[in-house]
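Presented sequentially are two complexes of subunit A, the first with subunit B as partner and the second with subunit C.
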Partner chain A sequence: MTVLPYVVAAWLFLIGLYGIVTSRNLIHLVTCLAVTQSSTYLLLLAIGYQEDATAPIFGDIPMDAEVVDPVVQAMTLTDGVVSVTVSALLLALAVQTHKRAGTLDPNALRALRG
Partner chain B sequence: MSRRGRLFVFVAGALGISALFVWGFSGLPDFGVQPSVYGEQLSERAVDERHATNVVAATTFDYRGLDTMIEEFILFSAVIGILLLLRAQRDEEEDAPHDMAESRRPLPTSDAVRVFGLGLIGPTILFGTYVVAHGHLTPGGGFQGGVVLASGLLLVYLAGEFLSFERLAPEKLMEATEAVAAWTYVAVGLAGLVAGGLFLTNFLPLGRIGDVFSAGMIPLINVAVALEVAAAFVLLSDEFLEQAVLVRKRDRS
Partner chain C sequence: MTELPALAVAVPLAGAAALVGGTLLKRRRLIDAVAVAVAAGVTVICALLLVESTRGPIVYWFGGWEPDNGLALGISFAIDPIGAGLALLAAGLATAALVFSWRYFDAIGGLYHVLLLVFLAGMVGFTLTGDLFNMFVFFELMGVSAFALTGYKVEESEPLQGALNFGVTNVIGAFLILTGLALLYGRTGVLNLAQLGAALQGTEADGLVVVAFVLLVAGFFIKSAMVPFHFWLADAYAVAPAPVCVLLSAVMSELGIYAIARVYWSVFEGALGGQAPGIRVVIVGIGVVTALIAAVMCFLQRRLKRILAFATMSHAGLFVVGVGLLTPAGLGGTAVYVVADALVKATLFLAIGILLHRYGSGDEYHLHGRGRELPWAGLLFVIGGLGLAGLPPLGTSLGKSLIQQEAALLGYSWMPAVFMVASAVTGAAVLRAAGRIFLGRGTRDDSVRTEDEDEETETSGGEGRTPLVMVVPAALFALLSFAPGLIPAFEHSTTEAAHRFQDRQAYQSAVLQGVSPPLPALVEQSSSPLKGLVSGVVSGVLAIGLALAALSWGRLPLALRRAASPLARVLSGLRNLHSGHIGDYVAWLTAGLAALGGMFALALR
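And now, the complex of A and B:
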């Protein structure tokens, strides 16, 4: 059994989290979150992968050809869109934070101000 | 919390998550061997039942169409959130574009960027339209094509000016397009409810396999999603660009 794709997915998840925890800049933090989210794409696609199979698009291939799982591919598509929207929303928050606090360093944002 | 303390908490948490990963992954199917029963069923049936050769599109917009509709509204509400967050605040005012550092002269866009940008606008829009229109046949679809279409509009900004970009894709028009397109998806679902008795039931002729006008309602939903995504991405870029060139704090002026 090949475990490498699963190991890489777990590694991407953890290294992204490490980046978030140690981040000194909110823009960097959003990018780290994108890395964390990309682990889910890899995990989904790895689950659907099948050796010697092709993409589930029957334009040019015979109907009985072996194809990889289309369900996880549709889920990965969804996942990517959600990832982009989350990043955009967080970047908008970062813009506002910089306007209010004058800094993007999360360590410098100590107290809540009204 | 100090940096060291935070790192310690992270390492402890990461070890716990790793243990959960090992436990969870050991229950997964072996890599590259069996497809899921659901996936296998879809691959076998989608072409016959839906006349769509792209099974991923058939899964996204037909078999799991309700999930995709909800996901589309995640994008919709995120854009509303960003519009709210980045609107001009009480202590700011919108201003004609100019550089914040008075001594710095803005660099003019190079001629190469202008020429290639202008030349790419047409092909990009054409390619985006192709990706959307053939979403049910070949790789692509509303989400991918919508992003390509939005980048075609953004090339106007790259090749020209922010103001011509705003004239070409006015905010009000983009907001209306986004809302109408998002609700078109719901309307297609409701039409299926009326015609077929179930939400998102196909009510259009299936056509001949491989034709652009085939696969029932999938191309229609693809177009709706493409317009929604394109308008959403243009609005997003517009809002962020406005932050850079238009809004500044009153106390700095």
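And now, the complex of A and C:
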């Protein structure tokens, strides 16, 4: 087991946050949020991974075969569904913001202050 | 009866699904009626669950996947009185919000009702579940529906920005929770809360467990809007429709705090319990800072919903103090306070809704003196303001005094002062607005704050009379907010529930073995009601005094006003931090996460 996936997951999380903080465009911002989320996919899959193990589908492999953890895969899938919902909603809000305010730049969207 | 726990979530989801089809009919009243009936049904289910759970925890395994030799395989709901009580609160408030919405919006599609029911399902599931990943899923479910409800008025720019700020910060919070639970899963290989607790108890808390704890706490702090994770809250609550604000403010903020209590006592206490004093200092400290900063911000606002948003945040800080004491009495006092405060905030948000419906404005300066024709609405505001201040016999005074007593026992002898300031200042902000709107006191427009804020117009306003379906829920909540203080059994049963909530061994054996040990006899603590009464009266008087001072600011001696001017500069700096810029908020969030990690690393050395 290598630490590489964990390092990459941490990197993705931070680079996503950096993108959100410095973003000048809401579409870009929502995409950065998806980058941050992909760090959780990687983390989950890395936790369940085993060297030389196969996919956990017991159709044509022996019952005592070494398999990777199916629970984290199910969690990743659920996480992915959540991500699609959130991205769709936030993008819809971004599109609507562009229609109303004429801009997608968070620096120009300061209706809510103090 | 045995399937009741599943129904508590299935009914609102099925109702929402049915209403999606129903929206095609374009029969508004039918949709209203079905939505109210579904929410009322969920309320009844939650009430039954609450009654049942007082006899012992209810454990429900989905699909009949019961634990095998004490090893949890399936997904469970594990219901205790505190979880069921919060679910009941959510369902009751959702019902009232739907009744209120009946006449509140002129043109509103059925999707509003669908979203509200999904939101309800998310909140109910979140409070009842006994599984950490399940908790994350319900957290996201209630999050997504709440973002959509906040930005429901897509014709305007403000709700959209509020919803985006709300959405992005809370989704990052969900990622933190997911990362934390993934680490815990990597260590233990389980996700059931009871099983996690069993796996961690007696182990040395190493770096991984502490990091997981920090990530989960930070994620839930974002939901409950603790400083410096709080920026989204005022933006979201200021633009969400008033009936939605009732749910956001009275339940959703509190659920983040509930979740911290839940994961601490069911999962982490076995590994981190030895370092409880260090954890207590960090959590109580954050609660105190939030309570005070938010109280100041609350007093600086002129838009009614923003006043209440910061009041919500300030009081959430006080709840975090109560939970962060990490004792049964602290948690019990918090439970009393949460219920009482929820009723007060619900009253106030519905009262604001009534003003918005009638005048199309929720700004205390625009409404100056216009409320004279609505003395009964003024009464609602006064009850609400005094409720926030915690004046006896309102229920909030009881909850506040219970937490203060426990804090004093643990050596925080200055805590009553914090509670007094936070509750008096938030109460004063509401009373000041009430004085200006309903009595026409104070200046018409404040030269200090001339920035012309665009008024939200979720309703067209200009309604001649206020429909009964809007008055009744508000008045009902105002009356109910006296109940927690006047029913002695309420305090007793919440204390008992809090004791049981913190019994990790009993929770584990109920969930994993299916055996509920008999309840230990409750040691009655000698409470001193007189002390609580005095501090409640003092903060009530303080709130009234502050409100009067603010209303007659222009007539105060010039020297006094001059002396306050350096303060004004500090305050405007504080206001400017709340920039409405999403990048700023996420930067604060990241810094806060690092600071929280550092504090816990020091506290748990």
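By our rule, the second predicted complex is superposed on the first by the 110 of 114 C-alpha atoms of A that agree within 3 Å, B and C clash if a C-alpha of one lies under 4 Å from a C-alpha of the other, contacts with A are read in each partner's own complex, and residues count from 1 in each chain.
One rule holds in what follows: a residue touches a chain if its C-beta (ideal position, glycine included) is under 8 Å from a C-beta of that chain, and two chains touch if they have at least 3 such contacts.
Source: prediction; values computed, not measured.
Participant: In the superposed arrangement, which partner chain does A:50 touch: subunit B (first), subunit C (second), both, or neither?
Facilitator: Touch partner of A:50: subunit B, not subunit C.
Participant: Is A:21 in contact with subunit B, with subunit C, with both, or with neither (first, second, both, neither)?
Facilitator: In the superposition, A:21 touches subunit B and subunit C alike.
Participant: Looking at A:97 after the superposition, I want to know if it touches subunit B, subunit C, both of them or none. Which is it: first, second, both, neither?
Facilitator: Only subunit C is touched by A:97; subunit B is not.
Participant: Examine A:42 and indicate which partner it touches, taking first as subunit B and second as subunit C; both and neither are also allowed.
Facilitator: A:42 sits against neither subunit B nor subunit C.
Participant: Output check: A:63 vs subunit B and subunit C. Expected answer is one of first, second, both, neither. What do you get?
Facilitator: Only subunit B is touched by A:63; subunit C is not.
Participant: Would you check which partner chain A:29 touches, where first means subunit B only, second means subunit C only, and both and neither mean what they say?
Facilitator: second
Participant: Does subunit B (first) or subunit C (second) touch A:106, or do both, or does neither?
Facilitator: second
Participant: Which partner does A:12 contact after superposing on A: first (subunit B), second (subunit C), both, neither?
Facilitator: Neither partner.
Participant: Which parts of subunit A are touched by subunit B and by subunit C alike?
Facilitator: Common to the two interfaces on subunit A: residues 13, 17, 21-22, 47, 71-72, 78, 82, 85-86, 89, 93, 96, 107.
Participant: Where on subunit B is subunit A touching in the complex?
Facilitator: Subunit B residues touching subunit A: 3, 6-7, 10, 13-14, 17-18, 21, 25, 28-36, 38-40, 42-43, 46-47, 53-56, 58-60, 64, 67-68, 71, 74-75, 78-79, 81-82, 85-86, 89, 92, 137-139, 141, 143, 210, 229, 236, 239-240, 243, 249.
Participant: Can you check the complex and tell me which residues of subunit C touch subunit A?
Facilitator: 133, 137, 140, 143-144, 147-148, 151, 154-158, 160-165, 167-168, 171-172, 174-175, 178-179, 182-183, 185-186, 191, 234-235, 238-239, 300-301, 454, 575-576, 578-584, 586-587, 590
Participant: Within the complex, which stretch of subunit A touches subunit B?
Facilitator: Interface residues on the subunit A side: 1-6, 10, 13-14, 17-18, 21-22, 46-51, 53, 55-59, 63, 67-74, 77-78, 80-82, 85-86, 88-89, 91-93, 95-96, 99, 107.
Participant: For subunit A, which residues are in contact with subunit C within the complex?
Facilitator: 13, 17, 20-23, 26, 29-30, 33, 36-37, 39-40, 43-44, 47, 71-72, 75, 78-79, 82, 85-86, 89-90, 93-94, 96-97, 100-101, 106-107, 109-114
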